[in-house]
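Notes to accompany the following structure.
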Amino acid sequence: MCDFGQCLQCNNLDCFDERMDKMHEECGIFGVYSLDDKELDVAGMTYYGLYSLQHRGQESAGIAVSDSETIVYHKDMGLVPEIFDKVVLNHLKGTMAVGHVRYSTTGASRHENAQPIVVRSRNGQIALAHNGNIVNAAELREEMEQCGTIFQTTNDTEVLINLITKHSISTNILEEAVQKMMLDVNGSYGLILMTANKMLGVRDPYGIRPLCIGKTSTSYVIASESCALDAVNAEFIRDIEPGEIVVIENNEIRSIKSFNKKDTRLCIFEFVYFARPDSIIDGASVQQSRYEAGKRLAIEHPVEADIVIGVPDSGLSAALGYSRQSGIPYGEGIVKNRYVGRTFIQPSQGMREMAVRIKHNAIKQTIQGKRVVIIDDSIVRGTTTRRIVQILKKAGAKEVHMRVSSPPLKYPCYFGIDISSRKELVANKLSIDEIREMICADTLGYLSLEGLLETPIGAKCGFCAACLTGDYPIDVPEEGDKFSCGC
Amino acid sequence: MCDFGQCLQCNNLDCFDERMDKMHEECGIFGVYSLDDKELDVAGMTYYGLYSLQHRGQESAGIAVSDSETIVYHKDMGLVPEIFDKVVLNHLKGTMAVGHVRYSTTGASRHENAQPIVVRSRNGQIALAHNGNIVNAAELREEMEQCGTIFQTTNDTEVLINLITKHSISTNILEEAVQKMMLDVNGSYGLILMTANKMLGVRDPYGIRPLCIGKTSTSYVIASESCALDAVNAEFIRDIEPGEIVVIENNEIRSIKSFNKKDTRLCIFEFVYFARPDSIIDGASVQQSRYEAGKRLAIEHPVEADIVIGVPDSGLSAALGYSRQSGIPYGEGIVKNRYVGRTFIQPSQGMREMAVRIKHNAIKQTIQGKRVVIIDDSIVRGTTTRRIVQILKKAGAKEVHMRVSSPPLKYPCYFGIDISSRKELVANKLSIDEIREMICADTLGYLSLEGLLETPIGAKCGFCAACLTGDYPIDVPEEGDKFSCGC
Amino acid sequence: MCDFGQCLQCNNLDCFDERMDKMHEECGIFGVYSLDDKELDVAGMTYYGLYSLQHRGQESAGIAVSDSETIVYHKDMGLVPEIFDKVVLNHLKGTMAVGHVRYSTTGASRHENAQPIVVRSRNGQIALAHNGNIVNAAELREEMEQCGTIFQTTNDTEVLINLITKHSISTNILEEAVQKMMLDVNGSYGLILMTANKMLGVRDPYGIRPLCIGKTSTSYVIASESCALDAVNAEFIRDIEPGEIVVIENNEIRSIKSFNKKDTRLCIFEFVYFARPDSIIDGASVQQSRYEAGKRLAIEHPVEADIVIGVPDSGLSAALGYSRQSGIPYGEGIVKNRYVGRTFIQPSQGMREMAVRIKHNAIKQTIQGKRVVIIDDSIVRGTTTRRIVQILKKAGAKEVHMRVSSPPLKYPCYFGIDISSRKELVANKLSIDEIREMICADTLGYLSLEGLLETPIGAKCGFCAACLTGDYPIDVPEEGDKFSCGC
Amino acid sequence: MCDFGQCLQCNNLDCFDERMDKMHEECGIFGVYSLDDKELDVAGMTYYGLYSLQHRGQESAGIAVSDSETIVYHKDMGLVPEIFDKVVLNHLKGTMAVGHVRYSTTGASRHENAQPIVVRSRNGQIALAHNGNIVNAAELREEMEQCGTIFQTTNDTEVLINLITKHSISTNILEEAVQKMMLDVNGSYGLILMTANKMLGVRDPYGIRPLCIGKTSTSYVIASESCALDAVNAEFIRDIEPGEIVVIENNEIRSIKSFNKKDTRLCIFEFVYFARPDSIIDGASVQQSRYEAGKRLAIEHPVEADIVIGVPDSGLSAALGYSRQSGIPYGEGIVKNRYVGRTFIQPSQGMREMAVRIKHNAIKQTIQGKRVVIIDDSIVRGTTTRRIVQILKKAGAKEVHMRVSSPPLKYPCYFGIDISSRKELVANKLSIDEIREMICADTLGYLSLEGLLETPIGAKCGFCAACLTGDYPIDVPEEGDKFSCGC
């Protein structure tokens, strides 16, 4: 358990909340290809696109641009607007750009792990941005090491680029090399590749991570989520299909679909937690899916109560759905401090009680004397949930009924979500009633798996729910194996 | 008008939004007095208190502590968690502390304007933190200059501390000197004064700025808003009364009320916009007041529509109230990018269209084909509102009915709100129908003044609504006078 | 004694060397007045002037400019080129400028102590830059506090500006107020005052700190040392006389000399150590003075030896003089690491031996098997000297004859040099022979006081040598009194 | 020519001086191997070692340590003491360390070029630090690219590590792979390699860059220059021989010498300019060599004069030698501003005249009315030299006789010195008399090549003087070829 005083990595409370009690997906990617518009500010567009994908990663960001001869790039630790200013963007001139935002990893060499990775190879310069996780990266790396390849990072992306380059020896066509790479690797990936004069968007055969394409009058755009298309005023064309390679070259876009469409497996937590509510993924609205989850929760776990509230921000839609379905009024019961950021001082021994309220506070007028239904999207370790119940009770709630808009999290994710082992997951150790007791709630109800899978209304895909079921679409390492969660 | 490319002060879009389209109050203050608890981490408590008041000022912050002999302090530009780390807090040992967060002012000497101001005087060392604005500061400064006083800042706070020190010549009792100062100055102020061994909380005779006191088992606490008491787990005692001086000394608290309770005038915009929703000010809940405003708007300006949505964050409560009153369903229609911070690159000429969406985006599923009621708390210049209507229409709204949970802003504020002249206020130049046209809404309805003044349910005070009426409680400079808006 | 592991202030070895083993003067000042040349870049000139005075203070720097109506300024912690860039300098437009570099003081509020201090007063805006130390500042401050004045810094400069402003009540002529201030204060000072439209250069009646004036075709320049005149290509006019006020106004320069020229007392250590060798002060060349000191040392303390070397940089001139006089060849025997700067990690226990060489190393080829005469300008605590002898012996010196180009330091300085008490001075505790033993030298010889006072060849002034004799020109606090060494 | 106002790379005057008028070698390397002393602070020792090699590179620095299982590292842009503090060094625990300081290169991806480079390969983790330049790096890179290798930097070091790893496929013994790599590459290199449990020191077959080994009671040390051995109190053992591989493993040191000792070619400019005067390289003292150069100059180019002075710092030793040989007195005539660092503002149009003196100033007393011999180590572009002559003339020198302690620079260096083309070299365009005229000197004399090659008294090696003769020991690119000068 992450004790405030002892855990070195948790030098802030926010970490306690975010890293330990919430899962995190690890990256957002964005690419733009200018259609003969020499004036188009592709770096600027990528800046806006990454800004709107910032929720997918706050540790580092980078942008690479090609002027059709040379690729130059800039990447650094920090938020998008901290890394890029006018001077930097003005140096990133070109007709194509690819960008990346990355969630935090630990370790000393974090700067080296920033993306896009830009290399020189027999294909010339290549920039690669990757969202996801390669399950057999260690084996692939070792194999290639035996053949004399060196690795400068612990990043899966370096494995991918090396594979692509190796395969380029037997074929001079980049997309064929990428296809061969896709046969080698197991795992989740959304990729954007850029050479001096073409751009590829690639999605893994199971479609575990999202990726979509859009269009403006003068460019094609590829992005992790549709909200980034909106951000640059691009029109949504379609999601890239699982296993598909989209190639943009000579101002034309074409598609290579060499993988039989298996049962596709989009990560269900994109809808539960990761994606922005204004995004639409594989046909389903994220916000609507959360709202629907709330409605289903109300059916599966009804309760007599006076008010329904959500934990901001991701619990609000579900709370609204629960309210609509149950007829119990929706209210604002919890305030989130918008300024709690990445740095935060550990509370001294005597002040932990205070630190509880730094991130969330209750609105007494809404809560006092009420039987409260409170909705959150998930429970990871249980500590934040316990704290929120505590805040509500202190504010005078007569009863607190916790409803969770996803089933219990029991299994680690090997496809890009930062839950490194089962041990952290409270639902892996305790029964639902024990969890209820631990979090001091009067009742506790989780949405059923069946219910959850129905929430992405209109989705044209299947889902990966392995963290809930243990049923992984791909062979994964034995429990207890060392597991390096790259991005 | 603030043209993106030309306004020097607006080197970010956020500025465009926040500085120009929203009003800003300027400061938050916090004090803690330890009751014989030598171990109490008063600087740490102040850190948490300021953290929860960060919405009242993001430019600079400072903490001064007294160990009953000496006052030491640390202040700098930036957010609370950026300025204070463990090393700094560990150097701030004492039994009393006073802290301050400050909203941005322009000018070169910004560091000099950070608070608390700490001086040596005939009263020994004094630390002073001030929230508000002194209307006759320039006259007072000039008068004192003629008597040989020098001023090192353009800060009203320096005027106050000089006045108190001058009056201390004729009386050795600090609180008497403060009373005399209160006779000299016209304006709004919440003050916390700290000498080596006593602490004073002072509120101006009209009670324009809020200030309240609380208690833990081992300390007294003074804060701008009750949410800061919650943040340090303190129990709310009461608001400091308009014109009251609260003295905490020798572990006892006492009160000096030498001003006849006039018609008090709490700034109504604390309820509309400034204060945090979980705060309770002069007896009224901020969140409830906003919710009530929405209900009254629904009565005053009904419309046939399919959905009610709010502009996050401050419009959400009113939207909920409008929905409840009107029966039109409440929905989530607008997403706010949580990472849009203080730095932001100006969009190049060709990218303004994109920049529009960096802060807000619409959720299409909620909006498409609907007649939408959208609620915001106020309209200052009109540009942000126009942009939001535009986003909704692009997302497919059939009709957009703008409702504003306060009356038209027509007059500048002289009591601490950063609206420097009438010229920026769209309601000062255009009729309501012209504004409707400018923002491209189908209908536009403002809450009436009478309605607004009823919203702070349970409030035990009168209100200043001069920015809406021009009826200032205190003589103010002629329009066009130079006006230095200190804090 | 400053133990590496314990002294908080000494978080670097450099501190060990520079703060403890060397004395430091505390400030450099520079002013420029444009003669009707609107295009003259007065801030840029001040930048160059301060750059050349950087050796007089590295903690903070500031520049204030007047455009004949308003004074604006910029100051910060750091070196001149770190604080000022093109953007900042471009904002400092005007026809007069005054700048300041400041040596390190301790304490939390260091930013507040940066100069020039700029205030609003009955004289309008005034900027003041000060080099020196006011002995009776505490008394003056207390007196003024009793009259209702507040002090925001612990800076003597704030005392001076308050005094001038108080005296301005009885006279409207600034220079008269300054004259009255000069009657109040005891201490050392070079001052540059700037109002919106005039500039004053002031030197204390004893002339303890240097100050000179120069001229270009379009401006007058005032500076602490003549090397700053060279830096801006100005022609040296003359030193400002002790007790003189130079007034530059309406493009004319005039002088007020109301103090009888007493026996003047220029600080002798300006020649020994502080000033740049290329400066000429009160008629004497600094470099020549040091060379002369070496010649006299050779006469007073001859020795049979094979080579004469100096401790870089300030011991080199004297070594050359010793060599010339004695006929013993001059050589380069010690290298100084040019990159040892302001930050330096304390060596861990096992590595002190290594840390010895980080700043200085011996050149074996020069030293090995030789009888070495090594010259340094002074010995403060003795530790650096001991270290240098050790390095020479390790490099194979057969004998090490230490010669010091000034007499033993026995008394604290109250006029601006940072030696806070007698206790640190090795010559105050030990006899010369004991010092010789402590530093492990074979012989040790100090220059006599009489000898030293003859070294500034051509000087038109007397000297303060109180740190050598205890004979202070002004009443100073009793030994043991608290002594705040401002600047 | 580098015009102040136009050259983007020259955003500082210092650049003007240092980059354009002086050549720069590019790196310093340092390694330490602990002999069973678990407590030895190998990172701390490397810190001190790099500090003393800082003159060889100021752009970036890095340290990698091995605890015999894992290699961790930290590297960043900046000076050694800026990059490493106690916290960082405490994280670098191990029994071996290798460090690197790097001189500035231009371009966006500078962080990526910092060393040591640390990779995972079939040899396990390897850290590599490199000083020098590989002439055929582009060919080697291209060849390997064709075989599927990718390159993430433009650094020669990445080429070397890839070659070593490739060769490791056919042999499992690292030192054999290194030998094979040495057969592939043409160029200059001093290398330190570190795996988890062994360390290698490698010097190129011509010995172009220096590298030496030393010993303390508990460790072996490898360093670019002997001054770094002194810095950690290590005893000099010997120089690593050209073509030699030194292996330190299992607490033992052994040597592999598979290259026939050809005519060795140590870079003569190590003696002229790059190395620290207290270093001894291949048997010759750097300081003594410079002194000798001065003596020979006096014989080759005698002149009647009154004083001999040197341009600080590297011209001082030669000036002393000239003085000794000629009998003309040695004096201090030029002061160098110690605070002119890496940032410096370009002088505005009207202020270039002033900027001349920011770095150097003359001491008038020494110069006035004298016939001056001034010695500098080399002339690159001539601009700094012209400026110094100008300063001397302005200070009253009757005649200025420039003597240069090396022959005219006419050819670019391909072995690690940053002179990218002939065009910058004044001696390539002008005759000696034209140069004399350009720099406004009365006479000008360069040391002859024969003379120079005699100066490293006692040297046990031959020299590369290709920049003076065009006689490169290795085939180099045609003039005009693109030439990327890595390190």
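Miscellaneous remarks
In this document, chain identifiers A, B, C and D correspond to the written order of the chains, with residue numbering beginning at 1 in each.
Heads up, the rule we're going with is that a contact is a pair of C-beta atoms (placed from the backbone, for glycine too) under 8 Å apart; a residue touches a chain by one contact, two chains touch by 3 or more.
These numbers come from a predicted model, not from an experiment.
Chains making contact with subunit A as well as with subunit C: B, D. Across the assembly, the mean Cα position most removed from that of subunit D is the one of B.
For the pair subunit B and subunit C, the distance between C-alpha centroids works out to 47 Å. As a whole-number value, the distance joining the C-alpha centres of subunit C and subunit D reads 35 Å.
Subunit D has its Cα centroid 59 Å from the Cα centroid of subunit B. Residue positions of subunit D with contacts to 2 or more other chains are absent. Annotation, chain-chain contacts: A-B, A-D, B-C, C-D (touch as defined at the top).
Interface residues of subunit C, counted against subunit D in their complex, comprise 39-41, 44-45, 47-48, 51-52, 54-55, 58, 79-82, 84-86, 89, 227, 230-233, 276-278, 280, 285, 287-288, 291, 313, 316-317, 320, 324, 329-332, 335, 337-341, 343-348, 350-351, 353-358, 361-366. Interface residues of subunit A facing subunit D in the complex, by the touch rule stated above, are 72-74, 76, 91, 108-109, 111, 117-122, 126, 141, 145-152, 161-162, 165-166, 168-169.
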